[in-house]
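Presented below are the structures under discussion, each in the form of structure tokens.
Two complexes, one shared chain (subunit A), two partners (subunit B, subunit C).
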Partner chain A sequence: MQLRIPSAAVKAQYVDPTQVVVDPVRHTTSPLVTGGSVVGIRCCDGVVIAADTLASYGSMARFQNLSRLVKVTDNCLLGGGGEISDFQEIQRLLENLITKDFCFNDEHTQSPRSVHQYLGRVLYAQRSRLNPLWNSLLVGGYTAGQSFLGMVDLYGTTFESEVLATGFGVLLGLPLLRKAYRPDLTVQEGIKVVEDVYRVLFYRDARSINRIQVATATEAGVTISEPYSLETKWDFKGFVNPRSPYDESTW
Partner chain B sequence: MYNKQHLDPHDDTSAQRPDFMPYQNNGGTVVAMGGEDYCIVAATTRLGLGFAIPTRNVCRYAILNDRVVLATAGMYADTVALHKVVTARVKVYQQQQEKPFGLFSAAQLLSNTLYYRRFFPYYTFNVLGGLDQDGQGFVYGFDAIGSGEKVKVVCNGTAQALIQPILDNQVEKKQQYENKQIEKWSLQEALDLVKDVFTSAGERDIYTGDAVDICTVTKQRGVVVETFPLKKD
Partner chain C sequence: MASIGTGYDLSATTFSPDGRVFQVEYAQKAADNSGLTLGVCCKDGVVLAVEKILLSKMLLKESGRRVHLIDQHAILAVAGMGPDGRQLATRARQECEQYRNIFRAPMPGHLLAERIAGYVHVHSLYWHVRPFGCTVMIGALEEKQGPALYMIDPSGTFYRYYGCAAGKGKQGAKTGLEKLDFRQLSCDDALLELAKLINEAHDESKDKPYEMEMIWIKSDTGKASLVPPNLIETVRQRAEQIAREEEMAD
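Moving on, here comes the complex of A and B:
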């Protein structure tokens, strides 16, 4: 369903001075139910993407067990942050794309890179209509011995990288991922790294939750873990006795 | 396809999020310099966003054919879209006409492509460089809506204000204390100058850094790309 809002030019044609033109009430001008950071790291034997399971309603922790990771094909996976309803629409779009391929029955499937490009074009087209799909997406995959990791945002910006993060993860997670990255990093090590990133995010990102899912794409295919909780530690000196603004230095 | 109802360009009602700002500044700097028998087109690889660097390695140039290269700074999503449009149209031309797309034609195509979007511009700042019919290096600099001029050396993007005056002074001998003769730059001298201006700009502009892709166009070797590392801070 689309809201059909008359433009100024159309309104001017039918202007009736006795009638006040009132725009319809709009509910979709800003994201409502939102997911937080998604992080990903490319490994030598696959790719790891993780997301927590929270969907916030403003500052309310509204849905606490919502999966933001999906399997797209047997070698491609997708993680999404931002407006959850828009993310579900993207899932439907991808389902259509994959179903069409299946119906041709010619063994052809979309490569992770194609899925990434496709999403990039869809989100860019929507932003160009000033009606964006309000998401940040990570696409990961593993084909022909090569791992793939790419990102798309609501402006349609597309790029690939060894380490990627969205939302607050860009500020708190990316430095940790870059420090941990090696070309010979294995998927097992990669999972440990993203768990550490989510621990840090849980400590400092108010729209996050201590419950994550980790997805991998390897030679064996795509696996998405069940949600699980991270061990946390709250007796750090800085947590027990936080510095106050009256201290000499805040550093 | 997605949102079929928007395929009619004359439909002036539309679903919009009126408070959505469709533009983003991802920074980046591009430099192009034309010489006697070469042309250099260089573009930084950092993708900046506010005070963050989402990635350090993006491609801001498009090799249109073996004698014309386009480099673009500004919004990265628009950059990718513009490069797709221009490279596709150059390919179609070359297939249909069975002759290479010239530098002058590429400049005209780019200008028209940008101006076509005059009232919803590509937020991109382009330089176009290559060899003309005589094999001489020339470059064009454009603004976001397609105004451009043919010059010998040009810089565009976030470090334009830092780099352009240096290029004017060194290459065109502008604002020099004594009027000096404009001398010819060898390819090696020009490469050194380009590397120097990017290194210096990287010290002062937060959107310029990480690396710079330097495309060298010559008649003998076509387009050769070299990646020159810059500071990552």
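Moving on, here comes the complex of A and C:
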């Protein structure tokens, strides 16, 4: 809280409370360093979540080698977009949660569903205090033969689905994910689908780069791949000879 | 042995004429009243063991823990009042969590021991709280120091040890510990040595049956864990067998 006392009153010993000007309490109302889309698909033998490795500073591609995918437990993983410092805070909260479980040593670990609920509660509580953690998170996991994929946004909205995405991934990725989804989709096929989505995102999302990581949660555990680039095709007629700038239909 | 501190023992804020704080000494007696608790710092890790007296046949084993995981690199064992020890374990966990939050690194063992010792000591300074009636042993593994073992008594005094003992039968256990070569001792060997010491200290006819709780951190995994119950059972049976063989040889 900032207490700004007019200079005349500083010399006086008594501060007239009616003369005191107090700034309203301000919390972060716009994100600074942001991560882009996160995309996920639920498969019969696991979950696939992918994200690119870019943290943008407005329109600048500031940090190009940042992992936005995190292993929470041996059967739960988290992908985050939005304000990166808030995402790091969420990582810290989850690490503390997992350490507490470790110390209890009762063979109970947080299930992916529990992690999803926990994050939903934390984000809702923050937003209710008008101090949001400005993130869109995808939580995925595989326990007891069941895949789980859920989303939490900065308002604390939570839902589960077979296909999920955040940011531009919702507009460009979800149609592709929905088309490709089958109940008997395998993780290997799922990886191909999310790669395809990220190819499109790289073509069309101005705040993306061609370097992605793909994480999977299966019976064997959670693995997060090393970053890699996708093959892209730039000799489409529309890219080589873009139409008149006055014609806005680039689709 | 027991000196009566008439008049000078009513609060922790009173010294006696010969410079003793009786409340702290009484707390130490509470710590000495428990089953034997042992700690060993081996060449490749730290092992703590507790002889937990089972007060009733109705008790479920493995409940009422006296060994606690503090963080992935730190462990704690309690000699004395269990609830007091649990409070210290909780405090140690909070200290380690806070250290990780600020420095993103595991809390060094000597720092953790110092903080817990300070916390124990502070409870001997005020009239409205009582000292902790337990001695705790803290084992930690860190990059620079390697495995380390600390013992903190109710006065808040703490030292770093190769091997330490607390509770009933600690004198005999200390003699047994002094015979070990800590530079050569491995964690796996230490399990058997500790089981033997606890078995020797335990008097079948006088004391109630006991459960052995053991906890360790090994350098190769770098992670603290409770010793699995079947491994404890194996070393306990081996220790009892060795004791029987020695008796027959006499």
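As a convention for this text, the second predicted complex is superposed on the first by the 216 of 251 C-alpha atoms of A that agree within 3 Å, B and C clash if a C-alpha of one lies under 4 Å from a C-alpha of the other, contacts with A are read in each partner's own complex, and residues count from 1 in each chain.
Criterion: a residue touches a chain if its C-beta (ideal position, glycine included) is under 8 Å from a C-beta of that chain, and two chains touch if they have at least 3 such contacts.
Owing to the predicted nature of the structure, the values given are computational and were not obtained by experimental measurement.
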Touched partner set for A:92, first subunit B, second subunit C, both or neither: second
Partner chain(s) touched by A:155 [first = subunit B, second = subunit C, both, neither]: first
Subunit B versus subunit C as contact partner of A:102, first or second or both or neither: second
Which of subunit B and subunit C A:74 touches, first, second, both or neither: neither
First (subunit B), second (subunit C), both or neither touched by A:171: first
Superposed model, subunit A: greater residue contact from subunit B or subunit C: B
Partner subunit B, residues of subunit A touching it in the complex: 2-7, 9-10, 26, 28-30, 93, 120, 122, 124-132, 151, 153, 155-159, 161, 164-165, 170-171, 174
Residue numbers on subunit B that touch subunit A, as the complex places them: 2-3, 5-6, 12-20, 22-24, 26, 47, 49, 52-58, 75-77, 80-81, 120
Touch list for subunit A against partner subunit C, complex: 92, 95-96, 99-100, 102-105
Partner subunit A, residues of subunit C touching it in the complex: 68-72, 93, 96-97, 100-101, 225-226
